[in-house]
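Presented below are the structures under discussion, each in the form of structure tokens.
Here subunit A shows up in two complexes: once beside subunit B, once beside subunit C.
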Partner chain A sequence: MQSKSTPPPLWREEFSVFKNDERYVSRRQLTKFLTLTSMAMFVGNIWILIRAKLHGKAAPLPVSPVAKLGEIPVGGVKLFQYPQAGEQCILVRTGEDAYVAYSQKCTHLSCSVFYSQESRDLVCPCHEGHFSIRDGSVLQGPPTRPLPAVTLERRGDQLIAIGMTNTGAD
Partner chain B sequence: MFGYEFYLDPSRCIGCQSCLKACEECETHRGVSMINFDFIDRPDGIATAAYVCFHCEDPTCAQVCPADAIKSDEDGVVQSALKPRCIGCANCVLACPFGIPKLVPEYEQMMKCDMCYDRTSIGKRPMCATVCPSQALAYVKPEEMAAMRRDKPVNTFYFGEQKIVTKVYMMAPAERDSVSVDVVDYTWEQEDAYAV
Partner chain C sequence: MRASQFSKQSRGLTAIDGAMALIVILLMVQIWLLSATLDAYLSGHREVALPGALVSGILFAACAALYLFVHRLESNAKSDESQ
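After this line comes the complex of A and B, so read on.
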């Protein structure tokens, strides 16, 4: 029993013994909420699709130097930022004359992947996601999409990043 | 509901137990009677009393329910515990000052008189009131009751310091406005005078 001086606690208001004062979410309310939310998401997706169709392809990515040839040893890595500052990428020298570069952001939950010398693949330490060093595809773990790959070009003794593939936009 | 009120008059109870049988017939809880039937002082007399739930305005049973299973609806009828919620803790059984709720072990659920809500909500009379031959349990309009009885219907009860206002009326002597129960005195038991 509540004494008259103290107001009833919040839980008592929410779970009132009187049916009329209850604040439950009814099945109908929940169904309405789910339906409207799904409809809103559907409309939003349609809008995104239409906008993508109308605007066509995005502007080409910038061309930026990544490293000098021979700057890193075979099996070594270099981190760089591409296509803009803050977008961390990883360059790996897989052979005497072979270089690959991928976005360092794991496609699962955006942890930073690293190059594992032992397994010769890119590993995400958060949830044991493994990506192939050859094309960035998923080898094991929770990620479902491949790592975005940086397209490299050799100009003289410079490695130049000229674009990205597997970004999800192409 | 529909202008009818429930009146209890234990002094008119003749102990026929028709109400128990009628209550058992109800299809919402067939075989289990929700009437509280007492022999007042069995060794010394034959007086009996049949009670239904008093349907308190601020039901103590619902207030103490930890599972939020007991609800008072818009008509002021306190319903049986909701089956999906009731955890069978018997808090309500212990808390009710009238001793109305019953824990049914087979169902692990509290069940109590809901004033035949399936009937009264559509204007019919509760099962017990339809069969009571002495109208110790009566479901009539207030003016009819006033015309038939000398007693005064009261619905205010004091249990120690707890004041309870109920939906169901109890017939009391005309000069009384409320019924008080001295809880300590009521729970006192004398030495076992009838020990064999």
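After this line comes the complex of A and C, so read on.
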């Protein structure tokens, strides 16, 4: 016979044969599941914190020639890859002496944006997202983050890409 | 005797249901917090990562405390039944 001081075995706690106990067990198990889900959320926040601390300083981006001055007409565009091959960017000549460049990857679902001369902004054709040509900010549509902008510098008759802003890493 | 035991058990179950409802609310806040922190982090606002993690930790601690509360209520109810 089992003595009164001996705790009941685990299976008896988890698989109760009594109806009343079963109510407690099912509620406790659901509570356990919810608490573990809460722990998963906490771990997710810790992961973001670790990433933010580890990637505090990004490596400097390369300096790369983009185009020659006057190579494209006013309102024209040129596609180039920056900061590395496969990272498509778009250079737009917005005025006689004004150039801007942005990543071509939409911040919503990574479709390629294009320059619309009619609306004078950058348009994502997938979900009608519009970005300002002045600073890459979202004008309308589902994207919530601005387009990463390529920092340009003029050296002689060349336009040089020297870095990026709004990348999420700055 | 039996009626009072039933009433005690019923009260225990009500308390557990209340605790569970509270955990669900805390969990919804925590899910929102995680998505908001991730969105801000991807937008380049790294300064939100620390307060986000701290608040999430507090919410998790509250959920764990409520789980322990539920566990203790169950243990008490079972010990009452066995007596």
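One rule holds in what follows: the second predicted complex is superposed on the first by the 121 of 170 C-alpha atoms of A that agree within 3 Å, B and C clash if a C-alpha of one lies under 4 Å from a C-alpha of the other, contacts with A are read in each partner's own complex, and residues count from 1 in each chain.
Simple rule for what comes next: a residue touches a chain if its C-beta (ideal position, glycine included) is under 8 Å from a C-beta of that chain, and two chains touch if they have at least 3 such contacts.
All of these numbers come straight from a predicted model, not from anything done at the bench.
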item	value
First (subunit B), second (subunit C), both or neither touched by A:L30	second
More subunit A residues in contact [subunit B versus subunit C]	C
Partner chain(s) touched by A:M39 [first = subunit B, second = subunit C, both, neither]	second
Residues of subunit A that lie at the interface with subunit B and also at the interface with subunit C	20
Subunit A-facing residues of subunit B, complex	58-60, 62-63, 65, 68, 70-74, 162
Touching residues on subunit A, where the partner in the complex is subunit B	1, 15, 17-20, 22
Residues of subunit A defined as touching subunit C within the complex	20-21, 23-25, 27-28, 30-32, 34-35, 37-39, 41-42, 44-46, 48-49, 51-53, 56, 144-145, 166-170
Residues of subunit C that touch subunit A when the two form their complex	9, 12-13, 16-17, 19-20, 23-24, 26-27, 30-31, 33-34, 37-39, 41-44, 46, 49-50, 52-53, 56-57, 59-60, 63-64, 66-67, 70-71, 73-74, 77-78, 81
